[in-house]
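Letters A, B and C mark the chains as written, and numbering starts fresh at 1 in each.
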């Protein structure tokens, strides 16, 4: 599903502020697995996530996500591939507070030309599945942290993307909500999705459902 | 529905809700923009309306006016020239007229004094209808006054007044009527009297007149008849009504153009403002765009979004600006800008203008206002659409 | 005659186009110098971003050019009210030697910008952006053209003198010889109409054939498609010139219901329900799509573009077909109305 071969990433190449974020990364993530990316801030974890998430291309090496080669791919096609393949759950959820819950969830569908009626239907399915029907038309800025988390998950699933990428999802949640989140991820994995969670929270790293932990330190990946 | 069309509708919907979420900032821009459009539109509507009013007013004037020229200047025309017009096919009537300017020292105003026999004119009855009272008959010392002339003379109920002849003797006139308000554009400074009374006032010899008015049967033949007259009377200048109308249009046109140039300064300032506003993205706006991009919105989608936002702002401002301009001309008679178009003189006609707002005018106003705005917001819109998605991830 | 609202708006349009295209050209120069698809450097990313700017600017410029063309004709019409001897736009355009060339340049600009946008749209549908250099070279070649447009327009407006008498359309387009300056010569009406409708039928047939809309007649082979596409494009090019002549010399007089009023511009006026706008819009757009099939055909030779080209060609042929039908209806309406109700043997 995700294959990285000799991937390097250098920012500002050839300039005085040149910095190499990834060194010769080799990585294979199987489909329908649940993987944890563990690394401190500045370790290159965000860069690795960005490459896996089809946001940035590698400087050198091969990177294939869901069968698509990312190197030399223009941004336009990366975006098209990204929206079909990756569902993002951000650290701060990154929900737009002025839009309603339902509007936030169906944001990825607007540029695809999905009609308002169809958008409402698809969002409703996920809203009911995640148990936030009572908040459907509330402004997202007025709901609780736990509900926000579920909105973020619903948004990541709206296009039925096969890969879910979560960046420090439990950083701002209490234990109970963190455990609820992980359970949701496990349930998603059972439906065939590939889950990649970037976290150094022991609640995540020590969870038995995690198939594999990938450690990243100073831009180098240690696959155990 | 076609997905491409649906996509644009979705983006338009999002753009409108985005504008609404930032009400204050956008309201400011819309207000200023509407103000600029109001200025441009007022000028345009006023120009078109005045031209149209002039056209209507001139419709019943004589088709041809013959003036005698000598050394490039106008001089009195011999009445014997009327005989030389016999045989020109298509002339309905040829009427002599005496007119000139009278300077009233007390008020500092110039009156146009005109002497012509109403009964000789084919459309003379219309002149009668334009007067509240009656048209002065031949040789009776009567005069009909324009409203501003009457006001300037400070008559205070008097029915007679006197004017000075060139030898400073006085000639007394009896007021027979006042011209109706609706004719102010042409009659405000006018004093109409009989041919002989005007001749007496200006002491012009019996064999001469100031010019000859020629009425034709078929308006389509004006230029042909004018050419024939010019051939028979080579020392004259033959003016046609279409030419006079063109002169009005040129004057209104260049005055309006001149004013438009001044407005362009306002427009330029506004374009800079628009650029500045569009470029200034708050941290929250940047974050929003980063999120949208991560969620799969392409650069072109963001560009389209910003374009719809600009168009919505421009469209609303355009509607408000044009409507207020129309109302300004309709109810206030364009009083803010009339002096520029009509000039400043002591005698100032009051005017009932019917606003004329043709499709061409709409296009013109659009080009002078909305187009520069959209152009000014293209590059800022692009800058905002190229915000990197990983700005949201960090 | 710069002190007129119309002149100002034309000058403004020119300034806007110059501004847009100059910025687009700046991108063009940078792309031609530094473009490297394989790189992930900041420069390459910012160049990729700039290509979106360039395409947006040119699309905008195209829209403004279309507006400018319309404004130019309306301006010429308004000038006719103050120029001696001119009764409509024809007279204004003939008032000095820069009028007609400006019109032709604006018309051509419409097509040239359109072709750029076509190139761009096809290019971005391939993952390797094969036409990047071609595109931006073409863009740079457009610049002198734009400057010529602006120059001629400025010279035209500057040299307009209300006192110099010009001709009106009745003289210019009449079919009576010897009245000085007859732009179209004495063209036989019947022959022109036969050619006009004949060409329409041929183009319709070709379009239906190429998009496999004729039941029982399927096209096989890329070579056949290719040849037909070129024929179609040539056919449209011929039709464009022919249609302009026919509209001026024949159709317009039926719209005006005056046998000696033959003018290509008066039909745009409100008096005739702006039918001229609809006719010229369908003609110009139809011609664009028709000619662009040949351009697309040239691009189909690259294997990575074959798919997008095929898609575009289908759409272009369908669009040109629809526009041709609408044009035929609009242009024939007054003529047929006269024939059916007026009666002429």
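Everything below uses one rule, namely that a contact is a pair of C-beta atoms (placed from the backbone, for glycine too) under 8 Å apart; a residue touches a chain by one contact, two chains touch by 3 or more.
Remember, predicted model here, so these are calculated numbers, not experimental data.
Of the two interfaces, A-C and B-C, the higher number of touching C-beta pairs belongs to B-C.
The most central chain, judged by the distance from its Cα centroid to the centroid of all protein Cα atoms shown, is C. Mean C-alpha positions place chain A and chain B at a centre distance of 65 Å. The distance from the centre of chain A to the centre of chain C, each centre being the mean of the chain's C-alpha atoms, comes to 49 Å. Each chain gets a centre from the mean of its Cα atoms; for chain B and chain C, those two points are 34 Å apart. Contact of a single residue of chain B with at least two other chains is seen at positions 299-300. Counting only residues that touch two or more partner chains, chain C has 49. Within chain A, the positions touching two or more other chains are listed as 56, 75-76. Those residues of chain B whose C-beta lies close enough to touch chain C in the complex are 43-44, 47, 243, 246, 249-250, 253-254, 256-258, 260-261, 264, 299-300, 303, 358-360, 363-364, 367-368, 371-372, 374-375, 378-379, 381-382, 385-386. On the chain A side of its complex with chain B, the touching residues are 46, 49-50, 53, 55-56, 75-76, 79-80, 82-84, 88, 90, 94, 96, 98-99, 107-116, 155, 159, 167. On the chain B side of its complex with chain A, the touching residues are 1-7, 10-11, 13-14, 17, 21, 287-288, 291-301, 389-390, 392-394. Taken in their complex, chain C has these residues touching chain A: 37-38, 40-42, 45, 48-49, 124, 127-129.
Put simply, chain C touches chain B in their complex at residues 2-9, 12-13, 16, 19-20, 23, 49, 52-53, 56-57, 60, 64, 67, 70-71, 74, 78, 81-82, 84, 162, 270, 274.
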